[in-house]
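So, here come the structures, one by one.
Look for chain A in each of the two complexes below; its partner is chain B in the first and chain C in the second.
And then the complex of A and B:
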């Protein structure tokens, strides 16, 4: 959104009070932002085109009167310009702010309109609330309470429509609940660019349907569930799992790619039930990918590491760290970092590497991007590794560096953070020559070979921050408690450093940020608590010469001269 | 204070003893006001708030649709529900949702009756049993089967879901 420039503001009048607003702004948004009043609406969505078919946002509108012939203002007896009120109400969603615009949002006529619209919407809407997953976050429920009449005058039979239509692999449609707002159709057309949805038949026969032979299978299909104002579109995975009012929300960042999608993680009693997008107009607007929503499966995955091991025997985490320190003492070791780690963990690894002269290597992860919210870099914090000084080159451009360093034969031990080196193409015989200390949340071929295995927390269990492809620093909260005995990477790194004699080792976010803000130019004046929810834009010009792999995405443009060589 | 000296009759204590015995004998032939609990149990009035239990409708369908409002409203958090869906080939598939597990911890329950009051499906009722005993804590967490055993079938006249199913089968006149 453009910045509000004082001299460009215009005055509109909402319910008799004047407000300064930018010209040409959508009226629903302007009233919400400047007058702090809600104009109820179903079909209108900030990030989609205006359809104007629900009629819920009807308001009375008027403009200052002017003489048609001369253009002179028409004044009333007090010398104030008269307001020409339109004889009928108009929809706010399809109106923009204009100078002198007057609207009434709670006049008797407007209230009557809303009441009538609610009654029509509820005529064929089933009384499903006890079994409907939307209950608790349903616009229809909310507006029926606020603007409805409170009882039904409808005595005929309600419409019967299919109750569980499969629209795609992840979305189930309950046709009876649909209020035909067309948000999902517009989303598929405009954002997902996968135009498979549409209304068929007319009048009360109208139903949402997929194009014959196609299904709603794109990787953004679950956004239609988020924007559905009622419980018509449901997430097949979350369907009937838990009522939303039990779920505690925590702000998090999606680790699927370097886009850094802002998310809300919904959990109850230590179990995550769903992940939904969190609005951030600089990163992901209000969307996220379906694949990112399933990342919570890592928490309870079969491959999750839950016990520390020393030479394949289960030991306590403390014991494993002790053994790791013994191995590291004296011998020359190398570190394999991971750009899944948070900025704070990277700072710890950096101090560990610096004080013991250990080289830090990466293998990098590349995936198929989709130019929307999944970038080609499959990790969330590549820019964080650059900023903390953990690497000078891009991780995915130096994939063979681990193998090359091992061939030199100087290193006796390798500390690996959450990385499968065998999958990354490092020769198994080379890895067998060194002792491996594996710190990670998931089991893999490398952890199988490791002499010491230390289990660590997944992203939902710890707090920290990532720097996304735009050099936007964003923080994530801990959403659920970690399993017993499983420590955060930061705590493990701190214990290793303390064991090796580093005196300033600390895993507290405040302490880490104290040194980060003094060591790194871009982090100056920042601390963890000072990172706002929507993130901080950092200056990444220091790394402009690097050949990033990301092509464009929603709010990111690839550097044109470098994109071609990528 | 100076006391009045006792009369001769008072000095013998006889009138007091006789009148006292009179009260005793009068009550011997009155109706008893105590009862020999637990051999004899008091009559429980209508609307008594005892042990909560789940009920089925006259068709044998579990009335609970696991909306979890009782779990939400329960002040001591005695109720815990794991919701589930009714399989599509079931007779009651049109209801779509039923509890997979429904536990009430009777040690926690305070018999406030909020669960009964909040239930939109009239599926949970407080019964007249007030004496719930067991030898372990686990034994007193009643599961779904036990709660249905206690609650049984409720012969009521609410046929919301049945009507809905009939409408689905016969279809809307427009279609």
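And then the complex of A and C:
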């Protein structure tokens, strides 16, 4: 919704009360937003086309009466324009607000409609809630409680349909639970642009199916699971693993690319069970990629670094930091930053670099974009590195900065944040000439070479913020506790700085933001707690001359004049 | 004394020696009206059709002239003409008489209509089961194209329009005009939501489209021939022209008959034209316009006021055979299919038969029809198989009430009306069914009609 303009508002009447609403707004949304009333629905989804097939949103509708011949309003005895009520109930999802529109959402007829639809939806629905993954977040359960009759008049045999159809590598279908709302079909056609789903057979025997020879394998297939209002489409990975009401939710940001997809991370007792998209109409709407949902594997990956090391020997993290400080004190050092780091971590690195004259270098990470929710920049915070002043150039536009710096031979030590320099193509012999202090969550060829290894937290274990491709500042929460002894990058940086004698070192988000808001023009007046869930749009015009690699996605347009050379 | 048929559309169809080829058609004056039409202004033809008052013969009885008027001509998009030849309403067998025996009449009617609305392409969507009909029409179109009656520069005029026969795949729902259009586009025939997808505005390929029944389009030829005003004199006001009635069920001479609208009553049709009920049995009920029309009971009285103000007090036999008569009696003339049931009919079994049809034909798009139609079938199937309960009558009505008026297309009504009317008018039989079964009859699931016969 764009900003409501007061003078353009119109009046509609919901259950006898007038409300000021924008014209032409979808009725279900308008009633929910302005009248605070829910019109129950299954097939309607605000980001998909209207199908109008579930009939759950039937309401009574009327419009002000006008004389057909003259166009003059027809008034009642009190001089009020009469309302011409439609003879049949109409679906709200297929209607938009118009001046004087009257609707009834709680009349006996409307209640009877909902009651009837609920009964119909349940007659052939297996009542297997106790073993259904959707239980607890099932629209059928919710509306059955609110609008159902509470008992069944159906004594016939229920229809039998396939119970576990593999639609694709990640999605399993229970056809008996399907209420044929067609959301998944519309999603595949309209958003994923991968038209593989359809109904076969007819009537109550209609069955969701993939076209022959096709499968639901696109990288957005799991969104069909999210939007399925019942437990028909299930995530093969999550299926039967956990009851949803045991899971704690935390708001996070997907680190898959610079799009910065908003997510919810669902965890229990320190274990993440699933990641789902969080609606943000300026970023990802209600979608996210399948690959992004699997990033929680980082937490328990085989390559996870859990112990600090000094010269290959396991030591405590404190000891490792002590050793690192000793090395750094001795000689000139350089820092290899990472655009996976949060704004706050970057601020810490920037302070460290500034007070000790250390150059900060980056390695670029690019990938295939999909023009939807995965951009070509494979890291979430390139813009953050620009804003914090950690770099002036785009990492992926530079060639072997680390190697070139090492060749100068001035640096004796390299502090590397979660970056594999060997994989990035830096000459191994050059790296062997310096001491490496590796701070990161994942083991790699570089960490193997490091003199000091300090394990750090993954994104799900810490809080912070990223700036996405649109210069939208978005924050993420800690979702699960970190393994024992594993500290956040911010804490590690703070310890290093304190060890090196920096007096202002602090890992408190509030403290870091105090200096960020005074040092960085774009962050003026901001603090961590003031970043809303949907993020803050920053002014990125200071960096307009840069040749960004992103080609465009759901809510991002590539810079027209530079896109050609990208 | 039986009222004589007035055969306009079927004038030649059953004449001995009349063949469906173009030579025979031309010998009988065929394509002269098309020739005449092409010299007229399109809007004049539309005006004639409007004046004639001809109403749609497919089921809803909507005035054709109005449909043409609703066509969105400002959009700049092409306008299509589609002939709905998906004749599938149980009891109906009139359109096929024309298509099989006199296909060129349909083609001429369509070409005149196409010219009137400036369509460049016309479709005949024919029911999948009518393979022979499709073949006949294909052949007729070929002949007409060769004869210059369709295709490029028709009869050396500036007007061009081609015609395509499209076969359905055997689904009743394809007779619903928006479902038909979806099917014609190559998709599953899920009826579209109206608004916004009215065919006159967003029809075939989202272009303005005129969809009319076979019989309706054939009438156009005769309207042009006799002039709208003259045509309107046939029949009665608001019920102009002739209609072809398909009579089936318990009559001695079932068949199709073309009559001037309102020239006779249902009683005359059943007793005089069709020779009455076999074996001296008595009339029990009539479905006046195809299986989706509400059933009328033989001993019912229908009272009320007609639109023109005249009061009526009819028995079933007094209802005029036209559009408004059955409507006034609380049912409809629908597709003109008259299904006659005598006193041997087990109404629960008849209901089970109808319900089985609608459960099988529901497209499954929207909830009330999809689930309701099958539930209705399951209930009546159980009833005739020995599991009837006294409360089933109320349950059936309640299910039907939950369907009616809440679906995307009129199929919901088509499935609900028979149930509502059967239960309302023969509730005692539904209850008796349960009681008889409780007393030991029909438990083996094989009895039913046989016990009554």
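Throughout what follows, the second predicted complex is superposed on the first by the 565 of 566 C-alpha atoms of A that agree within 3 Å, B and C clash if a C-alpha of one lies under 4 Å from a C-alpha of the other, contacts with A are read in each partner's own complex, and residues count from 1 in each chain.
As a working rule, contacts are C-beta pairs under 8 Å (C-beta built on N, C-alpha and C of every residue); 3 or more make two chains touch, one makes a residue touch a chain.
Remember, predicted model here, so these are calculated numbers, not experimental data.
Of the two partner chains placed by superposition, only chain C is touched by A:53; chain B is not. With both structures placed on the common chain, the touch criterion links A:117 to chain C but leaves chain B unconnected. Chain A has more of its residues touched by C than by the other of chain B and chain C. Contacts of A:131 after superposition on the shared chain: chain B is touched, whereas chain C is not.
Contacts of A:243 after superposition on the shared chain: chain B is touched, whereas chain C is not.
By the touch criterion defined above, A:94 lies against chain C but remains apart from chain B after alignment on the C-alpha atoms of chain A.
Of the two partner chains, both chain B and chain C are touched by A:157.
Contacts of A:204 after superposition on the shared chain: both chain B and chain C are touched. Note: residues 157, 159, 204-205 of chain A belong to the chain B contact set and to the chain C contact set alike, using the contact criterion stated above. Interface of chain B with chain A (complex): residues 65-69, 71-72, 83-85, 88, 94-97, 120-121, 160, 164, 167-168, 171-175. Note for the complex: chain A touches chain C at residues 50-56, 58, 87-89, 91, 94, 112-113, 115-117, 119-121, 123-124, 153-154, 156-157, 159, 179-180, 198-199, 201-206. Chain contact summary for the complex, chain C toward chain A: residues 171, 173, 188, 190, 193, 195, 359-368, 370-375, 378-379, 382, 395, 398, 401-403, 405-408. Those residues of chain A that touch chain B in the complex are listed here as 126-127, 129-131, 135, 157-160, 163-164, 204-205, 239-243, 245-246.
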